[in-house]
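Structures given as structure tokens follow.
Consider the two complexes below, in which subunit A is the common component and subunit B and subunit C are the respective partners.
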Partner chain A sequence: MRASTGARVGQYVALLAYLVFLAFPFLWLISTAFKPPQELGSLHPTWIPENPTLANFRQAFDEQPLLRAALNSLLAATGAAVIAVVIATPMAYVMARHRTRLARAATGWVVVSQAFPFVLVIIPLFLVLKNLRLINSVPGLVMVYVVWALPFALWMLVGYVRAVPAELEEAAAVDGAGRLRTLVSVTAPLLAPGIVATALFAFITAWNEFFFALVLLKTPEKQTLPVILTHFIGAEGVADLGPLAAAAFLATLPSLVVFAVIQRRITGGMLAGAVKS
Partner chain B sequence: MRARSGWIVAAVLLLLTGCTGGARDGSADGRITLRFQSLAWQEESVEANKELVAEWNATHPDVRVEYVQGSWDSVHDQLLTSFEGGEAPDIIHDASDDLADFAYGGYLADLTDLLPERLRADIPQRSWETVTFGDGIYGVPFLQEPRVIIANATWLKESGVRIPTPEAPWTWAEFREVTKELSSEGKYAVAWPLKEPVSATLNLSLSAGGQLFHRGADGKVTVRFEAGDEVVPRTVHDQVNTDASASGSTLGSGGSDTLPGFFGGKYAMVPLGFSYRQQIVQQAPKGFDWQVLPAPAGAEGLAQGVSPQTLSIAEDSPYKKEAAAFIDFLLRPENMVRLALGDWMLPTGTQALKDPALHTTRHDWATGTALATHLRSAPAQSVRGYPEWKDKVATPAFQEYYSGAIDLGELRRRLEEDGNPVLARYQR
Partner chain C sequence: MTLVTEVRRPARRAPSRGRERRGGDHGAWFLVLPALIPILVLSVGPLLYGILLAFTDAQSGRTEPTEWIGALNFRDLLRDTLFWESFRIGLVWAVGVTVPQFLLALGLALLLNERLRLRWLARALAIIPWAMPEVVVGIMWRLVYNPDAGVLNETLRDLGLGDGRDWLSGLGTALPAVIVVGVWAGMPQTTVALLAGLQNTPRELHEAAAIDGAGAWRRFWTVTWPALRPVALAITALNFIWNFNAFALVYVLTSGGPGGRTRLPMLFAYEEAFRYGQFGYAAAMGCVMVAVISILLAVFLVGRLKGGDDA
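Coming up: the complex of A and B.
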């Protein structure tokens, strides 16, 4: 059925309005990051700063160890993403290909685990980390992020594996390829986009995480960007708005870049296996 | 988010109780390292703290202090988890109204016998009351700020109204009359930022003799909304709803949110904390002339409640004596002045308050300093159950009253009839 021109225009207008709505906070953040203090206190704020300045960025870097925090965030997020994927990939393969009672139980467990309150995860982790003397350490935080990201990573990857036709693996086996060869030469290349998408999803989730990092990391040299950002906020919510916006803008960039690069693959990964072919 | 983190922390506490380690070991070479978690956040304040830590370290090779940056935004949850995990800093910066739970929970050291007499004597008893829980002292109050009125000086001058001073402040009635005179179409005399209406109302009500919380002979606290408690709420309510001299749109705003309207000539006055001057100096347009006025006075003069910033020592710290020595160093009069200037607040110490730097007319330091002797412990400071009473009963009741949705009788009924059962639950 062909939509009328009016309906189509209406759809585009609605889409545009939605995009503007979504983009507004980020555009305002950028605008604020470049405004001098006097413009921040203006009754008639402008989108484009009248006297753009880099002073907020300078102050943000002077006051807080942003680069070190970014490095910590990068280490924690990368570590979490890599480990989560390394653990989740073989598990997902088994769960997707071998529909045994155990695999079904595991799938059920993953679904149920998503409904658990946070608290059931953090308590054992906190105890384990304390006993391992991994509190106030990035490796300790990575462990937490891995546990946190694993169920969803597994869920995504199961979808990806199911999207790879089992007939291809059977054909490879008929052609004489062993199990390992089939996995490496046939399945892995087809699964690669899903693995990358899953890894990047885990990366972004860890990059933005605040509460675990706040509780587990004590010293500034170990803290991650979301924790450092709160140092620009004072008592009763008073904020050093310019430097906060500048630092928040910088902290947002990696996530944005990553999303811009992989958004198609993420969408594909989430939808893979959604319909039966 | 906050509710979720609170829930997480509560559960962590339940499971970690009894599972946590004790004191840290000393280093092999006998050198002690103390962790000092500071909540300083403004540029000058962080700088002053770091400088003082460096000065201490330069002169105390055996007791090194490590500066740890904390954050006001999440300090309660973060400290609670740290205490239970046996990972708390030795020296803790916080606000006195956040200490009660920690003090009663046994997380903070009683400083009664740890602090030197010099420091005990230098800080007035009314400030010590803000950190005294039961028989113990659980923090050293060192910075405080009165609520003042920041005014558009040009507007006031042109209107011809009497300009109040700490010696001759406006009464609440006079304040209402002045605001009627200052307002005109589309322009308001005052913008009340009452996002947190309870503490602001209670603290200012001390000036009119408001007490609200009454401790009986059995030691139990009940709420009674009496004549003295009515003065401040009624003034604000009438300014907004009867006189149209106060903007209704700012009632749900924080202090910073009112500044653009203030700079833009929409409001003549904004009641704010004294430290907001720093933001005003930073953000005010060139040539904008502003001044600090004392809050109006009532039957009790300029009295108002405050919750000072404090320094405490963790009960788990194996180096309490050394930590107390560092606090003593940090709060020497000359150092207290540096901290106060960095935070744009007032020191609690009587010696520090005499410093000429705090008596200049520049940025109206002198006006704030003149109010220091009138500052008292916030009324709700040691009332158990106050946070729940505030969130569930008082905040919505005050918000509705200020917006004109309910009258004074209904406000009283809610605060007393709905509120007292909440407090009673905590005092069984």
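Coming up: the complex of A and C.
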């Protein structure tokens, strides 16, 4: 099946247009981050900074507690990812292997939970966390993130469990291995890469999350990176473009690196979950 | 139900089943509880509590006890023209993002399914919008749209297409401008989902159709689309919900301005709850959003699925 030359040219033109559309805002962000103030003020901005500088990055750290915010983000995202995966993996196993009413209910919840506007959940959660004195605290945020990460963690993990042939487990059972033994020595090793991918995905989602953090974290020393970033945009929307771009660029790097590493696994896992259920 | 399926299982598996099943069910509860308890306490519970709050006059920081006021919030909401205006904007935004996003993603997925040279680059670039924090996406596009130092106006000036304008502050341009950002931000997920659907359609069918003399357009409608339909429907429905409930992107881009032209329902409810402290009223908004979206989706999905049966 060979496309004609005309069709091929058309395909490449289209692909090129897509590449430009996907890439140009990001390239502009990077370009802005390295521009000195006079170039940012110029009415004819250029793609490549004429006098590239790191001053914006220094100024960004001077203006806002970026390090503190990065640490908060790291704690919240790591805590959420680890806890979510630890509690989701056994449940995902049950959902994948048993066709019980419970498993069906859980699957239903995973789907339905996608539909609710967060505002309906956050107001009661806000009241509950307030009574527990967990407002404006990273542990309180971790609790929210764990539950928020559970649906997609379950979704991905169910896919990974289904990808482990049940015959392997049955074979181990026939060989006399107990249920726990089978889980630990046969299933777990095959599942490990999927569990890691799910945890990393949960990490990125929590690292990027904004709405819950905005509502729950009140003081700058507790706030996460996405919330701190919005402080660069002044009340009237006038922003110091250079430091804003520099800080935004830095906040993206961890997600980009992690995502680049696990991207194949994520798409694979989601597909397994989507196709087989 | 369980019994029936068990009887129908192949005999090969039968011997150990009885014992394993019972042990499995006890084990199942034990395995499920660590996730089930947080789900019930921190997700299902708050959701029900939230629905209850919609029938109260709950406010933040008030000393008098909260009172049950029945459907009063909903009555006020029906008359709240600002809320319905934001609801309308939410629908325009959700459709305005979901439809172009789907069409563009379908085009890109079809391209990426071909053996083209720059495929790897497109896949690598598609990671960027997906992995980026929404806040950063918003900031980035603010830089693009910046009236003076932004690349968009500079490009337009270079092309001789006017002097440029302040896209995010213009009454007429703000909503289209944020819709473009929404399309950009969500395209990768949609593309990946559709690409997966495409890769599940058997290549042989395509080749057979090609040999029979079917053109590209015909092949798409007779072979590709029927196979892609379920994935396309699912991703469209999900995108619509996600977009309707969007918050961070528009909060960073315009905060709902200018003059409320981009005030999505979530931004409205957020302000009502956490700026003005009207918890009960905002909860009622949440309920209305869920209800209307569920009805719209039900109509959409039932209609589409029926269409599928006829075909």
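In this text, the second predicted complex is superposed on the first by the 254 of 277 C-alpha atoms of A that agree within 3 Å, B and C clash if a C-alpha of one lies under 4 Å from a C-alpha of the other, contacts with A are read in each partner's own complex, and residues count from 1 in each chain.
Just so we're on the same page, a contact is a pair of C-beta atoms (placed from the backbone, for glycine too) under 8 Å apart; a residue touches a chain by one contact, two chains touch by 3 or more.
Because the structure is predicted, anything quoted here is derived from the model rather than measured.
Enquirer: Is the arrangement of subunit B and subunit C around the shared subunit A a clash or a fit after superposition?
Expert: clash
Enquirer: If you stack the two complexes on chain A, which partner ends up touching A:Met91: first (subunit B), second (subunit C), both, or neither?
Expert: The answer is second: A:Met91 touches subunit C but not subunit B.
Enquirer: Scan A:Pro220 for contacts with subunit B and subunit C and give back first, second, both or neither.
Expert: Touch status of A:Pro220: first partner only.
Enquirer: After superposing on the shared chain, does subunit C or subunit B touch more subunit A residues?
Expert: Comparing touch counts on subunit A for subunit B and subunit C gives C.
Enquirer: Have a look at where A:Gln59 lands relative to subunit B and subunit C in the superposition and call it first, second, both or neither.
Expert: A:Gln59: touches subunit B, not subunit C.
Enquirer: On the A-aligned overlay, A:Ile233 touches which partner chain: subunit B = first, subunit C = second, or both, or neither?
Expert: Both partners, subunit B and subunit C.
Enquirer: First (subunit B), second (subunit C), both or neither: which does A:Arg133 touch?
Expert: Touch partners of A:Arg133: none, neither subunit B nor subunit C.
Enquirer: Thinking of the overlay built on chain A, is A:Gln38 touched by subunit B (first), by subunit C (second), by both, or by neither?
Expert: So A:Gln38 only meets subunit B here.
Enquirer: Applying the stated clash rule to the superposed structures, which of 5-13, 131-139, 203-211 or 401-409 from subunit B runs into subunit C?
Expert: The listed stretch with clashing C-alpha atoms is 5-13.
Enquirer: Touching subunit B in one complex and subunit C in the other: list those residues of subunit A.
Expert: 40-45, 117-119, 122-123, 127, 211, 214-215, 230, 232-233, 237, 239, 241
Enquirer: Using the touch rule from the top, collect the residues of subunit C that touch subunit A in their complex.
Expert: Subunit C reaches subunit A through residues 2, 5, 13, 16, 20, 23-25, 27-32, 34-36, 38-39, 42-47, 49-51, 53, 58, 104, 107-108, 111, 114, 116-119, 121-122, 124-137, 139-144, 146, 148-151, 154, 157, 184, 187, 192-193, 196, 200, 206-207, 210, 216, 231, 234, 238, 241-242, 244-245, 247-248, 251-252, 255, 265-266, 269-270, 273-274, 279, 282-283, 285-287, 289-290, 293-294, 297.
Enquirer: Contact residues on subunit A for subunit C in the complex?
Expert: Within the complex, subunit A touches subunit C at residues 1, 3, 7, 11-12, 14-16, 18-19, 21-26, 28-29, 32, 40-45, 47, 86-88, 90-91, 93-94, 98-100, 102, 106, 109, 113-125, 127-128, 143-144, 146-147, 150, 154, 170, 173, 179, 204, 207-211, 214-215, 225-226, 229-230, 232-233, 237, 239, 241, 244-245, 248-249, 251-252, 255-256, 258-260, 263, 267, 270-271, 274-275.
Enquirer: If we count contacts the way the header does, which residues on subunit B are in touch with subunit A in the complex?
Expert: Going by the criterion above, the answer is residues 4-5, 7-9, 11-12, 15-16, 19-21, 35, 39, 41-43, 46, 66, 68-69, 71-74, 77-78, 81-82, 85-87, 89, 95, 196, 254-256, 259-261, 263-266, 273, 275-276, 279, 282-286, 309.
Enquirer: Which residues of subunit A touch subunit B once you look at their complex with the stated criterion?
Expert: 37-38, 40-45, 59, 62-64, 117-119, 122-123, 126-127, 130, 135-136, 211, 214-215, 218-220, 227, 230-241
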